[in-house]
Structures are given as structure tokens and as C-alpha cells.
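Shared between the two complexes below is chain A, which has chain B as its partner in the first and chain C in the second.
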Partner chain A sequence: MSALVTDGSILGGRAVVRIVRNPASVISATVMPLLFFALFNLVMRRIMDARGFDYAQLLPSTVVVQAMLFTAMASAYNIADDKLSGIVGRFRSMPIHPLAQLVGRAAGDVIRAFFSLVLVLAVGVLAGMRFDAGLVWIPAYIGLGLLFVLAASLVMGLIGFSASSPEAAVSIASIPYLPLLMLSTGFAPLEDFPGWLQPFVEYQPVSVTIDALRALAGDGDIAATVGQAVVWLVALIVAFALVGARQYRKVAS
Partner chain B sequence: MDRQSAPPTIEVDGLVKTFGEHRALDGLSFTAAPGEVLGVLGPNGAGKTTAINVLSTLLAPDGGSASVCGHDVAAEPEAVRRSIALTGQFAAVDELLTGRENLVLFGRLRSLSKAAARARADELLERFSLTDASEQRVGEYSGGMRRRLDLAASMVVPAPVLFLDEPTTGLDPRSRNELWDVVRELRDDGLTIVLTTQYLEEADRLADHIVVIDAGRVIASGTADELKSGIGGGACVVTPLDARESAALAEALSSLGRTEIDDETTGAVAVLNAGDLPLIEVVQVASAAGIGLDDVARRRPTLDDVFLQLTDHSEQPA
Partner chain C sequence: MSAVLLFAGRAVRRIGRSPDVVVSTVIFPLLLLLTLHAVFSSAVESFEGGAAYGQRLVPTLVFSGVMFGAIGTSTGILTELENGWIDRLRSMPLNPFSPLAGTILGETVRAVVAVAVLAGVGYAFDFRFDAGVLPAIGFVIVAMLAAISVGCVGAYLATIASSREALLGPLNAVFLLLLFLSRGMVPLEAYPGWVQPVVEHNPATAYVGLLDRLARGGALWSSALTVAAWTLGFVIVFGVLAGRRMAARGE
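The block that comes next holds the complex of A and B.
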């Protein structure tokens, strides 16, 4: 266990350095979510407010989840890059803990996601978001966001493993990304979707997480929504961590 | 060196590895004696990298056995990993980190303290002539520098066995020579080195012992000299003054042995298996045929000849 913590934190440190030194990754962690926030706020706020929604309360949680998905897609890119450069094989041929690579990558993603999340939240508050359920829920809000990024990174990580290049990894990763985000309660209310699609929209993990985040900010039933989200995310994390650990063991040099 | 005197450091016995229908390793067997450079020579797709991957515990064999320093790769992978350093086909170092940061990272992963990892990194940078570039990101390194850093990263914690998988592929001649010097130094330090290569010259210059592999099995083994003497003769290469007389020259020289056109441009003719043919006879035959000569030279057999003869499936010598 201590070998896993030591090796995992060394590799986590490497992951953070790689994120900070890669301009594309810095932009996708900071500029992109803020740009989305600003544009949606500009285009949609008056429309949604006119329909009786409080858009300043709704939008930040959507953009938070989107930022988490950006982090997960960057993770897919990084895995593909590491695998093709042979560094995954090299680490494997060394006497380090078999799960250390997975843990190190997850640690890097969570740290990147934390900064993205806090940034979006700060801008959201500036644009009028309030934690009406009480400020004590802020840590839970951040925690749930990070739980989501962990699940998303593990799922996207599989794409990174199977892709033929880092660029291909990002292209393939956007195939689940776009429908999951657009067909969610993030940008439009559930009743705006066609009836046959509503069950999917309502219960898919992106919607469930966004609804739970909104509840933690004072807009919904915390116990019910957060419970549902945690079940979804923990199930995804356990399943895909097992698969991911197997993937790392299969890579040769 | 007497290869039998000590138990082998690496022992590969009847190794089989299949990928679907393809038998990448098909009963591969060889040994590496302590402190020697073993050259594993073979064309692309012969199974060289697969063999290295099995020996470095990255792939599980489907049959046969392999051991490194007495540890079986399948039963004791952890012990094997502690005994080996692997430099794969691509210089597997982190491009976004500096040379020094890479070495510190690998040192920390080998359980060195921060301070010890830094000190070791500086030593290795010095030894591999990378001190000036130590603060540059590896993305800015040349191919030769990356290779040297890759080797340095393998040396962070001295391991008794080093696997080098095609270490000079893609390097310019100067970087290649530098890398060869490094490999010789490492051998002088007492490391057992397994070097795969498709370059015969590389095996000839570096390896104490060579195994030639093709289609996943060993087709010949020995020292470079043993392999060369195994195919006999060598050749005598005769170049006419006028390339157009090539055919006539070959005709005339055929009284001395089997001939073939050696070089279309110069018209040079090779008399095969004629390493000890008195050159004066060649000159006499040519002048009797009225053909002026530009050059007559002996050619010792090269490993290329060995390699081509051994791996040429379409033209097996009778």
C-alpha cells in the first residue's frame, strides 16, 4: 500500500507538471470553460430567465460538468501519448506498484479538475450564482464534481488506450462527450426533449450529476439527487478502474 | 571467453509466443553468459522485440521458459524487474520534462530519496554528455541525445542486465558511434547486455556472441568470426576499366570459379568462394581475354553475407 502511495504520488506529480507545461491543456482547463460560460450566459440567459428559470443558478453546474469532461478527454490524449511513446511499457518493466500509473494519472486529473472547478464556480458566483442551501455544501459540491471527473477520466482512459494516436483519442472521446452533454438536463430542461428520449436524458450520469450539483447549490432535493449521483459515479469508478488496471497490465513496450 | 564456465545470466528455452495465428516466437532458445554482449540479429518481424518483451516481463510467454539472473520471468516477475533495465525501441522518456527531471523521476520511482535521485541524475548527465542540455525539455533534444538520456534513465539504479532493443535505429552515423562507445563502456562495467539489431555491422562491432533469429527461432549462433567462417570463402572482386566489358570479364573469370556481377555501375565481377585465389591468376586470365583492369580486391565475408545466406528463404544453397 505504501508503495502504491509513494509511486502513485511521484507519477501524479509528473502528470501535474505535464498538464501545466502543455499550453493546450492549460487552455482547455481554464479558457475553454470560461468561454463556454460567457457565451451561454450571453446567448441563453435572457431566454431562460424569460421562461421563468433562474439561469444564474443553472448554468454554472453545467459548465462545471463540461470542464470535468474536458479534463477526462485530455486524460485520454495523455494516455494515448504515453502508450505510444513507450513510457507505459517502460514503467511497467520497472519494480513499481502495478496500479501506480492508474493512480498517478487519476491524481493529476483530479488536481487539474479542482482548479477548473474552482475557477468556474468563482465566475459563476460573480455572475449571480448563490449557495442557497448553505455554504456548508460547497465542499460537497466540489467533492461531487471531482468524483465525476474521476469516473469520466477512467471511462475516457479506455478510449486513450485503444486509440491509434493521441489525436484519434480526442476525436473518439468526443463521440460520447457530445451526446451525453447535449442530451442532458444541463442546457435544456427535461420537458424540452421528445418524450421517447426523456428517460435517457433524465437518468444518464451527466444529467444526474448536474441535477445533484444544482441541488447542492440550493435548487433541488439534496439527499435524493446526490444519492443517485454517487451510486452512478461509484459504480462507474469501480468498474472502469478494474478495466483500466487490466489495460495497464497488457501494454508491452 | 568460455561461455560454459559460469551459469548463464539469461536462459531462454523453447520460448513460444503467439498472437492469434502468428507465431512470433516459435521455440526460441539461447543463453547469455555473465558480462557479455549478446547480439540478437534478425530482420524486421523476426521476433526480436517480442523476445525482449517476454524477458522484461511485459509479455507472458505461451510456452517454454525464460530466466534472468536465475529468476523465472513468469514465476518471479518482480525479481526480474529488479535485475533489469530496458531501453525499448522508442526512446521512452518524457518530452515535457527536462533531461534532469526525467532522470530524477526514474530515480524516485526506483526508491531513491529526492536528494539521492538528484545527485544520481547529475552523475548520469555528466557521464552521458548531457550536462549542458540538462535543463532543456527533452522535446528539444536530438535523436542521439534522447537515446543517451534513455540509456541514462535505464542506469539510474545499476541493474546487472540491460536490454537494448534496436538502440541505434534512426540515428545518424555520429550519434550511432557515440552510442556504441557508451554500450562498450557499460559492458566494461560488467553489465550483461542483450542487444537486438537488424544492422550486421552493429552486431559485428559490439557483440561478443551473436544469435541470428528468423521467424521466431534461432537459425545460427556463434561469434561474428565463427558465423563468417561458417559460410566459407569470401570473394574476389574484379573491376574492368570499361564497365561494358563486364559480361566478357565474367565469362573469362568463370574458369576460376562461380562468378556474378557485383556492381552494375562499375561492371565489377565477383568470383565467389575465392578468398584465397592468387590475384596474379585473375590478372593473367583477364589479360589473356584482352580486358584491362581497374581494380582487383579480395573481400572477406561480411555478416551481411551470413545474414543474407541464412535468411534468404527463396534461394537456399543446395
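The block that comes next holds the complex of A and C.
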């Protein structure tokens, strides 16, 4: 266990250095979420406010989740790059804990996501978002966001592992990304969706997470929504961590 | 000219053979149509008083398909500049404009595919060519002109970019801005007052507006002239700049 912690944190450090030294990654963690935040505000705010869907309060939580998905997609890119360049196999041949690569990667993603999340939240607050449930919920808000990125990057990691190139990883990852984000309660109220689609929109993990984040910021029942989100995310994390660990093991043999 | 067609043929064959390109030309625009319609149709239709959102979305997504397709082409040109393919062509008795012109011409085929797919599926979302057959042909031609214009911009940026990242980031950001700040997603009145002038004079608004009129009907002349002017401007400025950068490489 202590080997896992030591090796994992060394590889986590490597992941962070890689993210910081890559301008594209820094931009996708900072500029892109803020750009989407600004654009959706400009385009949809009047229309949604007219429907009683308060964008100033509700949109930041959507963009937080979107930023987490960007981190997960960047992670898919990096994994594809690592796998194809052979470094994954090379690490496996060294006396390193077999799970250290998975742990290190996840740690790097969570650290990147933390900065991205805090930035989006700060801009959201400047643009009018309020924590009406009380400031004590802010750590829980951040924690739930990071739990989501952990789940998302484990899922996207699977795509990165099996892609033929880093670019292909990102374009394949965008296929689940777009419907999950758009067909969620993130940008429009549930009632706006066609009736047959509403059950999917309501219960899929992106919506459940966004609703829980909103509850932590004062819109909704915290216990019910956060409970649902944590069940979803922990289930995804356990399932995909197991699959991910197997994949790293297979590389060596 | 035959060299241009040769390179155009090459570009077209590559469309079918590269899964990335199929995703960005066919699957991604369709996903956008399905998802944007599901999310925003109720809100925008009630804001506008009833006009079908599908009628607004199809021209917009044709234009956005053209823009995001150009990103792939642009990175393709960058790769060919980096791996020496273009320099190899430069050593041949070939007009330096031909490879670029051919690649950009190949983009028009991608635009036609985007129109076919989006108008076909858009039918289920009440998109119609109400104006008739000739305007519908005009619709396809305008989509092709848009592909040429955007293709010239992408080609020029590829010739000056230092790396893929330096190309992809700005290109994505600029195209997103053009798309969101066009009247294609929501009517002009939905934007805050200070953004409205930007929306009105955005070239994406010009192309999407003309496509919309060619589908629904309406006065064409002034918006056709605006599109002609933008197209000419893009081709002359960026096409020539890109060609000159290419020509300068061999010397």
C-alpha cells in the first residue's frame, strides 16, 4: 500500500507537469470553460430567464461539469499518447506498484480539475451566482465536482486506452460527451425536453450531478440530490477503476 | 487546372477513408442537430412565437459543419507541411497554388454531404425547402462557397501556425464565437443590446441568413451581395496569403 502511495504520487507529479507544460491543456482547463460560460450567457440567458430558468444562478454548475468533462477528455488524449508511445509498457517493466499509473493519472486529473473548477466558480460568482444554502457547502460543492471528474476520467480513460491515436481518442470521446452534456438539465429545464426523452435527461449522471451541485448552491434538496449523485459516481468509479486496472495489468504481459 | 482537380480528388477520397473526418462531417453535425433541437426548441419557439426551430438550426449547422470540417483540413495541411509532403510537391513542376486550391475545392464536397445529411434528417424536425427547387440548388452552392471561404482562412492559418496546438486552440475559439454570435441559434432580440451589432455584422450571420432565405424564401439580393463580398474577400485575402506562403517555401 505504501508503495502504491509513493509511486502513485510520483506519477501524479509527472501528470501535473505534463498538463502545466502543455499550452493546449492549460487553455482547455481555463479559457474554454470560460468561453462557453460567456457564450451560453450571451445567447440563451434572455430566453431562459423568460422561462423562469435563472441562468445566472444555474449555468455555472453546468459549466463546472463541462470543465470536468474537458479534463476527462484531455486525460483520454494523454493516455492514448502514453500508451502509443510505449511509456505505459516501460513503466510496467519497472519495479512500480501495478496500480500506480492509474492512481497517478487520476491524481493529475483531479488536481487539474480543481483549478479549473475554482476558476469557473469564481467567474460564476462574479457574474451573479450565489451560495444561498450557505457558504459551508462550498467545500462539498468542490468535492462533488472532483468526484465527478474522477468518474469521468476513468470512463474516458477507457477510450484513450483503446484509441488508435490521441486525436482519435478525443474525437471518439466527443460522441458520448455531447449528448450527455446537452441532453441534461444543464442548459434548459427538464420540462423543455420531449416527453419520451425526459426520463433519460432526468436520471443520467451528468444531470444528477448538475442538480446536486445546484442544490449545494441553494436550489434544491441537498440530501436527496447529493445522495443520488454520490451513488451514481461511486458506482462508476468502482466499475471503471476495476476495468482500468485490468488494462494496465494487461499491457505488461 | 487539372492539377487542382487531382488534389481535389485526393481530398475527397480522404473524406471517406478517415474515420475522424466521417465523425466531424456526418456524425457530429447530426448529434448537434438532435441535441440542440431537444434542448432548445421549446424555449426558442416560445420566445419567437412558434417558428419551427429545425428551420433555423439546419442552415446554422450546415455552416458550422463547414467551419469545423475546415479545422480538420487545416490540421491536415499543417501535417503535410511538417512531414515534407508539400516541399516534395514544390520540387515538382507544379503551380504552388494547386495543392491548396485542390484541397479547398475538396472541402466543397464535404459541404454537399453536410447539406444532404442535415436537410434529410432535418425534415423530421420540420426543416423544408419552401422556396422551391432553384433556391434549394442555391442553398447547396452557398454552402460550397462557405466551405471555400472558411477553407482559405484555415489554409492560411495552417501556413503560419507553429504547432498543432497553436492552430487548434485559436481556430476552435474563433469558430465557436462566430457560431454563437450569429443569428443561427437564436433570434437577434435574444442577445443583449451591446452584442447585437456584432451579431448583425458577423460573416457567419451573413452566410446563415442567406441559407435561411434560400430555404424559406424572402428577398435575396442584399444578403446574396453580402455573402458574395465576404466570399470574395476571404478568397482574395486569405487564399492569396496562403498561396504566397506556400510559394515562398521552395525558395
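Keep this in mind: the second predicted complex is superposed on the first by the 251 of 253 C-alpha atoms of A that agree within 3 Å, B and C clash if a C-alpha of one lies under 4 Å from a C-alpha of the other, contacts with A are read in each partner's own complex, and residues count from 1 in each chain.
Everything below uses one rule, namely that a residue touches a chain if its C-beta (ideal position, glycine included) is under 8 Å from a C-beta of that chain, and two chains touch if they have at least 3 such contacts.
Note that the coordinates shown come from a computational prediction; the quantities given were computed from them, not determined experimentally.
Once the two complexes are overlaid on the shared chain, A:176 sits clear of chain B and of chain C alike. With both structures placed on the common chain, the touch criterion links A:86 to chain B but leaves chain C unconnected. Once the two complexes are laid over each other on the shared chain, residue contacts for A:31 go to chain C alone; chain B is not touched. Using the contact criterion defined above for the overlaid structures, shared-chain residue A:22 touches chain B and also reaches chain C. In the superposition on chain A, contact of A:167 is made with chain C only, not with chain B. Of the two partner chains, chain C is the only one that A:39 touches; chain B does not reach it.
For chain A, the partner that touches more of its residues is C, with chain B and chain C as the two candidates. Of the two partner chains placed by the overlay, neither chain B nor chain C lies in contact with A:128. In the superposed model, A:218 makes contact with neither chain B nor chain C.
By the document's definition of touching, of the two partners only chain C reaches A:51; chain B does not.
Comparing the two interfaces of chain A, the one with chain B and the one with chain C have residues 22 in common.
By the touch rule above, chain A contacts chain C in their complex via residues 22-24, 27-28, 31-32, 35-36, 39-40, 42-48, 50-51, 53, 167-168, 171-172, 174-175, 178-179, 182-183, 187-188, 191-194, 197. Listing the residues of chain C that touch chain A in their complex gives 19-20, 23-24, 27-28, 31-32, 34-36, 38-44, 46-47, 164-166, 168-169, 172-173, 176-177, 180-181, 185-186, 189-192, 195. Those residues of chain A that touch chain B in the complex are listed here as 6-7, 10-11, 14, 17-18, 21-22, 85-87, 89-96, 251-253. Partner chain A is touched in their complex by these residues of chain B: 49, 52-53, 56-59, 78, 81-82, 84, 86, 88-97, 101, 105-106, 108-111, 137, 153, 165.
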